[in-house]
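Take a look at these structures.
Presented sequentially are two complexes of chain A, the first with chain B as partner and the second with chain C.
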Partner chain A sequence: MHVPDGFIDAPVSIAAGAVAVAGVAVALRGARRELDDRTAPLAGLTAAFVFAAQMLNFPVASGTSGHLLGGTLAAILVGPYTGVLCVSVVLLMQALLFADGGLTALGVNVITMALATVLVGYGLFRLLLRVLPKTRASVGGASFVAAVVSVPCSAAVFTLIYAIGGTTDVSVGKVAAAMIGVHVLIGLGEALITAVTVSSVLAVRPDLVYGARKLIKPLELRTGAPGGGPADRPAEGPARPSGASA
Partner chain B sequence: MGAGHAHRLYVAGDSPVHRLAPQCKLVAVLAFVLLVVATPRERIWAFGAYALLLGAVAVGARVPLGLVLRRIVIEVPFVAFAFLMPFVANGDKVAVLGLRLSESGLWGAWNILAKGTLGVIASILLAATTEPRVLLLGIERLRMPQLITQIATFMLRYGDVVTAEFARMRVARASRGFEPRDLRDAGVLAKSVGALFLRSYERGERVHLAMVSRGYDGRMPVLHDVGASAAQWSLAAALPLAAAAVTLAAWMAA
Partner chain C sequence: MTTKRFFVGFLLVSLVLAGIVSYYASGSPDGLEKVAADKGIDAKERDHTLQHSPLSDYGIKGVGDSRLSGGLAGVIGVGAVLVVGGGLFWVVRRRDHSRDS
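What follows is the complex of A and B.
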C-alpha cells in the first residue's frame, strides 16, 4: 500500500526521507557497477516493467486483492542496487505524477517498498542459493521463499515507522496484526508470481537473471562434427548460453 | 511506439501556473504539503483555508474541476481505511448516530482524510500544469543525480509502451477464456509477467544500442534549459507563504 500524506507525522516523514536518500545514494553507486553505461536505458525499461507489473492485481482472499510490490523480483532479475533504483524511481513518479502515495510520505514508501523488500528479499535469496543445490529448481524455490518473506517484512517495517510517528490512536499491536496478516496473503501471491516469473526468464534467457549468474555454464566449442560439416566454423553470435530450452 | 507526446495527465494551457519553471512548482508543492502535514488536526478551519488556496491555484491554472475530482479516486483505498479508524482506535467513546465510536479514531480519520486529500490535490495540480518531461528537467535542476532523472525519463517514455504490451497480453489471455479467480491462477499471470520482463529488457538493450550508435556516452544532452527568474520564484512562493501563515495561525491558536 502506498502511504498517503498525513499518515505519519512531519518529523518522522522528514527523517524517513533522509534515510531513503542515503539508501538511494548507495544504490546509485552500486548500480553503475552492475550495469556500467547501460544503466539508464536498462534500469529505465526495468522501471517501466515494474510500473506495469504493479498494475497487476491478483485476488488474495474473498473480495480483497493485492498488487505486486516487485522489489524482490526486480532485485533477482537486475541486481539489488538497480532493483532499489527502479522501484524508487517508480515510487517517485507515482507520487509526483499520479498522486499515488504522498509526497511527504515518499521517504516512508521508499524505505518500506524499495529498501526493505530488496534487502530482505535479495539477502534471503542469496543465502538460500548458497545452501541449495545449484539447479534451476532451487532458483525458483529460493525466489519464492525470498518474496514470501519480504512482503510481511515490508509491512513490519511500516509498522515500526508507524509506532514512531503514526498520527492515529490505533494501538501498534492492532496495526501490526492487520498489516502483517494481510501482507502474508499478499506475499503468497507475490511469491508465486516472482518464482514463476524468475523461472520462466531463467528458461529463456538465463543470462538475464542477475541473481543466478553463477549457474550459467560457459559455452563450449564443439568441433569435428561427423558427415564433413563445416567443423571449423566459429560459434555463432553473442553468448546465448546453450541448454536453454523453454 | 506511436504514443503521443503530450501525456494524458497534462492539461495543455498557457496560464501563469503553466508558465512557472518546474523547479519552482516542485519546491512550492513540497513545502505546501509539508506545512499541511505539520498542522494540528484540531484546527479544522486551517484545512479549509488550505483547500481555498489550492482552489485559487486551480482557478489560476484553469484546470477543470471535473478532472481533479476524477483523479481523486486514487485515494479510495485509504479512504476505506480512514472509515475503519473510528471503530478500531483506542480512547474515549462518543455516540454518533447511535454508534459508539472512538473519539480519537474520528480525529485520526479526519486527519488522514484531510491531509491525504490536500496532498493528492496538490500533486494532481502539479501534474496537470507541468509536462512530465519538463517536470524531470525541474527535478534535475534541484540537484537530483542525472542517473535518476535519466531512468525516470526512460520509464516515462516507455511506460505507456510496456503497459500497452501488458494490456495486449491481458486481451490475449481473456480471449482464450482465462479469468483469474484465486491464487492458483497466479501461475498464468506470472508467465505473462516473465514474458513482459523479457520484452522490456530486450527493448532496453535495443534502445541502448541505438543510443550508442548516435553518440550516447552516459549523459543526455541538454536541449533546452529551464532556468527560473527571481520573479518566478517569488510567484511560486506565494502558495507556501500563504500556507505558512495559516500553519502559524493554527499553531498560535492552540
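What follows is the complex of A and C.
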C-alpha cells in the first residue's frame, strides 16, 4: 500500500513528512534502549525480512492482492521503536532503489506503514498479553490479532490523510469503506505471516523475541543461581513493579 | 540454536523469499492500487521520479529473464536493507562497555 506521488497534495505531503521525521527521531531515541550488540544485528535482519516479505503479494479478492506491512511483526521481534525504524528503512530503500512509493509521499508512507502499524499493532499486542495467560501460545495469538487490526487501521490513517489533502474529489466515505474493507482481508494475511514468524522464532530462540521477554525472564532468573543480576534482590515478591529492564 | 546460526538462518529465509519465492507472488494490484483505480483517487498520480532507475519495479534493467531479474533485484534489496538498517542499528545501539571514549 505504497502511496505514489500525486495522491496527496503538496502541503499535506510536506506536513506528513514533518510528522514522519519527528516520529523517526523519537524512534531513534527510543531504539537506543532496545538495541545492543546482539539485538542490533537481529534488527537489521528483521528489516531485511520485512523487505523480502513485502515482495510476496498474496491474492485477497478478485484481481486484488496484498502484502505484509510488517510493523507489528518488527515491533514484537525487536521492540516498538526499532520496529518503526525497520519499516522506515524498508520504505526508504523501496522508494530510492525500486521506485516503489513516491518520494514526495515518503512521509505519508512512513506514517501509515511504520508509525500507525507499530502504534496500533504493538499497543494491542501488549494489551492482549496483559489479559492472556503467560504462555507462548498467547504470544502467537496476540501477535495474530494485533497484526489483523493493524492493517485496516493503517488504511484508515491513509484515508484520513486523503480526507485532508487528497488531490481528487472522491467522497471520503467511499474511500474509507473500500480501503478498510479490502485491508481487513489483507490483515488476515498479515496476521498469518506475523504469527507464524513470531512463533517460529519463539520455538528456537524465545530470548530473541522482544515482545515475549517478560515470559522468559523468570526462567532466566531461576537458572541464575545465587546473586544473579546485580540489581536483583532475591526478595520474596515475584511481582516486580514495572518493566524496567537491566 | 546458537545466535550466529539463527542469524544465518534468518538471513537465508529472507534471501529465499526475496530471491526465489517472490517470482510466484501475485501480480494483481494491491489493496490501495485497486481502490485508487476503482474510485478514481489516482487521477492525478504522477510517475515516480526514479521510474527509470536500474532496479525500478523490482527488476534489473537489461536482464531479460524475469525470474532472474526479479530474483536478483530481491536479493540486492535484502542486502541493501540489511546494510543500511543493520548499520543504522549498530550505530544507534547502546554500548555498555565503551564508556572510555
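Methods note: the second predicted complex is superposed on the first by the 207 of 246 C-alpha atoms of A that agree within 3 Å, B and C clash if a C-alpha of one lies under 4 Å from a C-alpha of the other, contacts with A are read in each partner's own complex, and residues count from 1 in each chain.
As a convention for this text, a residue touches a chain if its C-beta (ideal position, glycine included) is under 8 Å from a C-beta of that chain, and two chains touch if they have at least 3 such contacts.
Keep in mind that what you see is a predicted model, and the values were worked out from it rather than measured.
Engineer: Give one word, clash or fit, describing how chain B and chain C relate on chain A after superposing.
Structural biologist: Pair status: clash.
Engineer: Quick check on the superposed pair: does A:Y162 touch chain B, chain C, both, or neither? Answer first, second, both or neither.
Structural biologist: After superposing on A, A:Y162 lies in contact with chain C but is clear of chain B.
Engineer: A:H183 in the overlay: touching chain B, chain C, both, or neither? Say first, second, both or neither.
Structural biologist: Touch partner of A:H183: chain C, not chain B.
Engineer: Of the partners chain B and chain C, which touch A:A137 in the superposed model: first, second, both, neither?
Structural biologist: Neither: A:A137 stays clear of chain B and chain C.
Engineer: For A:L127 in the superposed arrangement: first (chain B), second (chain C), both or neither?
Structural biologist: neither
Engineer: A:A18 in the overlay: touching chain B, chain C, both, or neither? Say first, second, both or neither.
Structural biologist: neither
Engineer: Once chain A of both complexes is superposed, is A:R33 in touch with chain B (first), chain C (second), both, or neither?
Structural biologist: A:R33 contacts chain C only, not chain B.
Engineer: Look at A:V196 in the shared chain and tell me whether it touches chain B only, chain C only, both, or neither; answer first, second, both or neither.
Structural biologist: first
Engineer: Check the residue A:V172 against both partner chains and state whether it touches chain B (first), chain C (second), both, or neither.
Structural biologist: A:V172 sits against neither chain B nor chain C.
Engineer: For A:H67 in the superposed arrangement: first (chain B), second (chain C), both or neither?
Structural biologist: In the superposition, A:H67 touches chain C alone.
Engineer: For the superposed three-chain model, which listed region of chain B (27-35, 81-89 or 135-143) is the one that clashes with chain C?
Structural biologist: Here chain B runs into chain C along 81-89, and the other listed stretches stay clear.
Engineer: Under the contact rule defined above, give the chain A residues that sit at the interface with chain B and also at the interface with chain C.
Structural biologist: 1, 4-7, 28, 31-32, 37-49, 51-53, 55-56, 58-60, 85-86, 89-90, 92-93, 95-100, 102-103, 167-168, 170, 174, 204-205, 208
Engineer: What residues on chain B touch chain A, complex-wise?
Structural biologist: So the residues of chain B touching chain A come out as 7, 9, 26, 29-30, 33-34, 36-38, 41, 71, 74-75, 77-78, 85, 88-91, 102, 104-105, 107-109, 111-112, 114-116, 118-124, 126-127, 132, 135, 145, 147-148, 150-159, 161-163, 165-166, 180-183, 185-187, 189-191, 193-198, 200-201, 203-205, 207-208, 211, 216-218.
Engineer: Of all residues in chain C, which touch chain A in the complex?
Structural biologist: Listed in rising order, the residues of chain C that touch chain A are 1, 3, 6-7, 10-11, 13-15, 17-18, 21-22, 25-32, 34-36, 38-51, 53, 55-58, 73-74, 76-82, 84-90, 92-94, 96.
Engineer: Which part of chain A faces chain B closely enough to touch in the complex?
Structural biologist: 1, 4-7, 9-10, 13-14, 24, 28, 31-32, 37-49, 51-53, 55-56, 58-60, 68, 73, 77-78, 85-86, 88-90, 92-93, 95-100, 102-104, 167-171, 174, 188-189, 192-201, 204-205, 208
Engineer: Using the touch rule from the top, collect the residues of chain A that touch chain C in their complex.
Structural biologist: Chain A residues touching chain C: 1-7, 28, 31-33, 35-53, 55-60, 63-67, 82, 85-86, 89-90, 92-100, 102-103, 155, 158, 162, 166-168, 170, 174-175, 178-179, 182-183, 185-186, 204-205, 208.
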